[in-house]
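Note that the chains are named A, B, C and D in the order they appear, and that numbering of residues resets to 1 at the start of each chain.
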Amino acid sequence: MMVDLEVKIEANERVNGKYYRLVFRSKPLAKGVLPGQFLNVQINPGSGDPFLRRPFSYYRAAPSGRIEILYEALGKGTSALARKKKGDVLKVMGPLGKPFTGRLEGGRKRVLVAGGVGVPPLIFLAEQFPSAYLLIGAKSKKEVLPKKQLALVKAKVLYSTDDGSYGRKGLVTRLFEDILRREGPGDLFIQTCGPMAMMRAVIEIARREKIPGEASLDKTMACGVGACLGCMVETTDGLVPSCTEGPVFGFERIRL
Amino acid sequence: MMVDLEVKIEANERVNGKYYRLVFRSKPLAKGVLPGQFLNVQINPGSGDPFLRRPFSYYRAAPSGRIEILYEALGKGTSALARKKKGDVLKVMGPLGKPFTGRLEGGRKRVLVAGGVGVPPLIFLAEQFPSAYLLIGAKSKKEVLPKKQLALVKAKVLYSTDDGSYGRKGLVTRLFEDILRREGPGDLFIQTCGPMAMMRAVIEIARREKIPGEASLDKTMACGVGACLGCMVETTDGLVPSCTEGPVFGFERIRL
Amino acid sequence: MKVDLTTKIGHLTFRNPVAVASGTFGTKDEYASFVDIRKLGAVITKTITVKPRAGNPMPRICETSGGMLNAIGLQNKGLEDFLEHKIPYFKKINTPLIVNIAGEDSGDFVTLARALHERQPVVKALELNFSCPNVEAGGAGHMRKTERILEIMRLVRETTDMTLFAKLSPELGDVVEIAKAVTAAGADGLSLINTLKGMAVDIAKRRPKLANITGGLSGPAIKPVALRYVYEVKKACPVPVIAMGGILTAADAIEFLMTGADLVAVGTANFVNPGATLEILEGIEAYCKANKISQISELRGSLNV
Amino acid sequence: MKVDLTTKIGHLTFRNPVAVASGTFGTKDEYASFVDIRKLGAVITKTITVKPRAGNPMPRICETSGGMLNAIGLQNKGLEDFLEHKIPYFKKINTPLIVNIAGEDSGDFVTLARALHERQPVVKALELNFSCPNVEAGGAGHMRKTERILEIMRLVRETTDMTLFAKLSPELGDVVEIAKAVTAAGADGLSLINTLKGMAVDIAKRRPKLANITGGLSGPAIKPVALRYVYEVKKACPVPVIAMGGILTAADAIEFLMTGADLVAVGTANFVNPGATLEILEGIEAYCKANKISQISELRGSLNV
């Protein structure tokens, strides 16, 4: 059930050159959560700035109520979040949205393709459901997550970096094409989240190779509950709110 | 010289049921400061809420650069200030305004009449310049300042409380009238700061008894430097900005 | 002490003065997890048009200082869907609707009014959205727009005896004059205000932040403007007013009630705080108690000017 | 890389496009401790009237979400004081003035223009404040106001060949139409926008927060509205525009410049950050460098729509 609660920050720390990790505890917000779902966070409750909430994927949610978010400080809201300290209060709505498909039919091999703010939900997915590969695209080595953050991932993790300072040099789609060549498109299932350009490329390849899959789209949101009609996605059955019908959409449903 | 600087909070703590005390360090902001002068504080730098700055009197300013502010959490801005922690940053403009008269001519006896947010500058004054009396009006005992805060005051401190739970029962003007009876109006000099109603009453008595004095007026401010014309005070020589011509005005100059 | 929040507008009675503003509360039960919708004074629906509308291209929203811009473009599923799928829900939960309608011409407005007339009493009143893009597109200059509005108003008035609120935007020109004219043409009350037209630029992309270039500014940023219109209109003609524009807290709502608003509608605030409506309702009640106000009408218009 | 910020408007050259907005920078050296005034592109003065004006009663200002209301009421010491005490200061520091003027009738405007004409070149241009309370009081309805404005514009045009900016408020009605008309009547450029009329209520005192009841809304809250007017006016008639409304940072200024503004004026931001103007100037320069823009005109109007 969706709730909106004040939570107290238990930890908020820099993880590497790119991400911060936020930890808090709330049983109602953690209950029944699946990877791909998200929270809508009021970063400065009681203040009017930033005015709107900011959406973040669950990075982890445990039955104990322990919830983690992995985030990048990109703009006003996430920078304000990065300045928060242990004990500070956030107002958090969730769980929102539809998750990634967990158990796959017909023993398909799961390939996860992640980049930027799309990394956290796919790590969560790879921790919860066995996956063949987790492919992560980054700019350089300093964005690569510490081993500890990937310890529970049930997948082979491969990195690509733009500058070649870690893993394969080039875009993450290169890694994806490597896998394709190695495994053949036959029984793969792709799940992707990251910059739109990356997902577009992944979906194009998948369509060409007739591989099914899902993408979690990153739309600017206000309400998070389907009320404002601000986050619409063009699908085969018309415009639908990404916050309630998504953020995860099957490739076959997305009109790009 | 007026400056506008970022300062780091060294302490911000509750003093009693009414006041908080803020401490930071800045030599340029402390240089040459006299009691009655004030600072204009951006409470959440980098955020647009609260939008305007908030003026606060210097409670103490030492040559070392150590500056203290004593404040009440009344509304949005001061409540946000009360939530600040050690290490947080404020943007502070100062020193602003004209101070209380320090050295008095003709050996006049200084009587300070304070209430509410007018207490801090008068404590500062009584620490810097010997005074006969510091009269403080409060609602009840829980607003009375701990002895430590008054340790350096060079004056006899008398309290009145509305409910009689500490000191004289009633308004602070009663204390003032006690003094008047005891000392006679002849060679007194009054300096007052606090709620407008209190100051009005004090000025009325002083005018009746022909006692000279000064009041520090509490006007809503925006710029603090005489630019917006928002804080005007009606004086014998016309409308003048309280932030530059005041906040301290001689009784003879104020038109009530 | 019990506070009576019952609010009368003409022959209508609302259980309390707190409504939700058009287009900010979903179409049905989007907020049901957060608030008991049955406790609201009224639900003002998203604008309904005769035919479904796809709305504007994305991006449609962006944040601004103390508010947001939206260019949703009246996306809605049309009258038929509304009658079939939305009305029964509100009937079941016994929550009065003020149905917001718009059209490309006066015929549309009349069609909508006629159909909704049949759905009383769950449809309690109509709110005519006179700031919809198509109405605006139709008229060059303010004069012509006002004439069209008055014509629509008169035709809808002939169609139904339901309570009719004309929703005005400052974009229409001199709101006080239009308020008077639209009331003379048959409006029972006014809804003030719709969004202000605004724009924002993404300097990294060198593009407007909205695909539609401009959009409607809402939220606390516009509250002073809204309050001023409620004040000026109430002073000029004492008609019922549904007030909206930046109401986030009970204190905001009380500002509007003191200024004379009959109902207050919570809009953008729902996005920021899904529990806003009921917190506002409780806050109004608490304020009344603290100030020994036993009937909300004692608060209404009590501003000392 | 050196960035050339020189900005031409007609035959005038400004050293950079960053000015201060009327009424927000004091009358002389109030901000001299915080910024080197000589670095500004221009100082737009507080409105000058022929006779001194005491302005409105207190309280005159209050904070709002993302902005503030003011009802200063054009308090100023009058033309004589300005000529005698203010002009010499700016002459000495070699900082160009755009003098903002207003009057109770067209005669006042002409008197002011004639006197200031003699004070070139330190007085570089005039900004005619067409949203002053008295001009507004004079006209009932928008039509009448517009006629008066055009009449004043024509008379001032006959008085001086100085560059004339007409400062408009959205309160005047259809800004695009008025912009066209006022340009036809002799304005060389437009200043967009003046404040929006607004109001705020102190619910504890049950009184308006301003003694004047209503006041002008300024600050980031109105930025989207200002930007939209600059966009619409620039699209409709390619005249020089001084843009203002909520410019707090270099990014804000760049939004306006991309939208086509010739100068940007920093207003309310000065109260919040006394160093705002020069920070904005430096920020614009840094943005140009980062984006390989060597002349500011390459940035101006570069919005892709």
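Note that in this section a contact is a pair of C-beta atoms (placed from the backbone, for glycine too) under 8 Å apart; a residue touches a chain by one contact, two chains touch by 3 or more.
Model, not experiment: these values are computed from the prediction.
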item: Distance in touch steps, counted as few as possible, from chain A out to chain B; value: 1
item: Chain at maximum distance from chain A, centres defined as averaged CA atoms; value: B
item: Busiest interface, counted in C-beta pairs; value: C-D
item: Distance between the centres, which are taken as Cα means, of chain D and chain C, whole angstrom; value: 34
item: Distance between the centres, which are taken as Cα means, of chain D and chain B, whole angstrom; value: 36
item: Interchain centroid distance [CA atoms averaged], chain A/chain D, Å; value: 46
item: Numbers and ranges of chain B residues touching at least 2 other chains; value: 48-49
item: Chain C: positions in contact with at least two other chains; value: 64-67, 219-220
item: Residues on chain D engaged by chain B in the complex (per definition of touch); value: 23-26, 30-31, 33-34, 54-55, 58-68, 70, 72, 75, 219-220, 248, 268, 270-275
item: For the chain C and chain D complex, residues of the former touching the latter; value: 64-67, 69, 141-142, 170, 173-174, 177, 196-201, 203, 205-208, 213-214, 217, 219-225, 227-228, 231-232, 246, 251, 254-255, 258-259, 287, 302-305
item: Complex contacts: residues of chain C adjacent to chain B; value: 65-66
item: Complex interface listing, chain A residues touching chain B; value: 44, 46-49, 80, 85
item: Chain A - residues contacting chain C, complex; value: 1-4, 42, 48-53, 91, 93, 219-220, 222-232, 238-239, 244
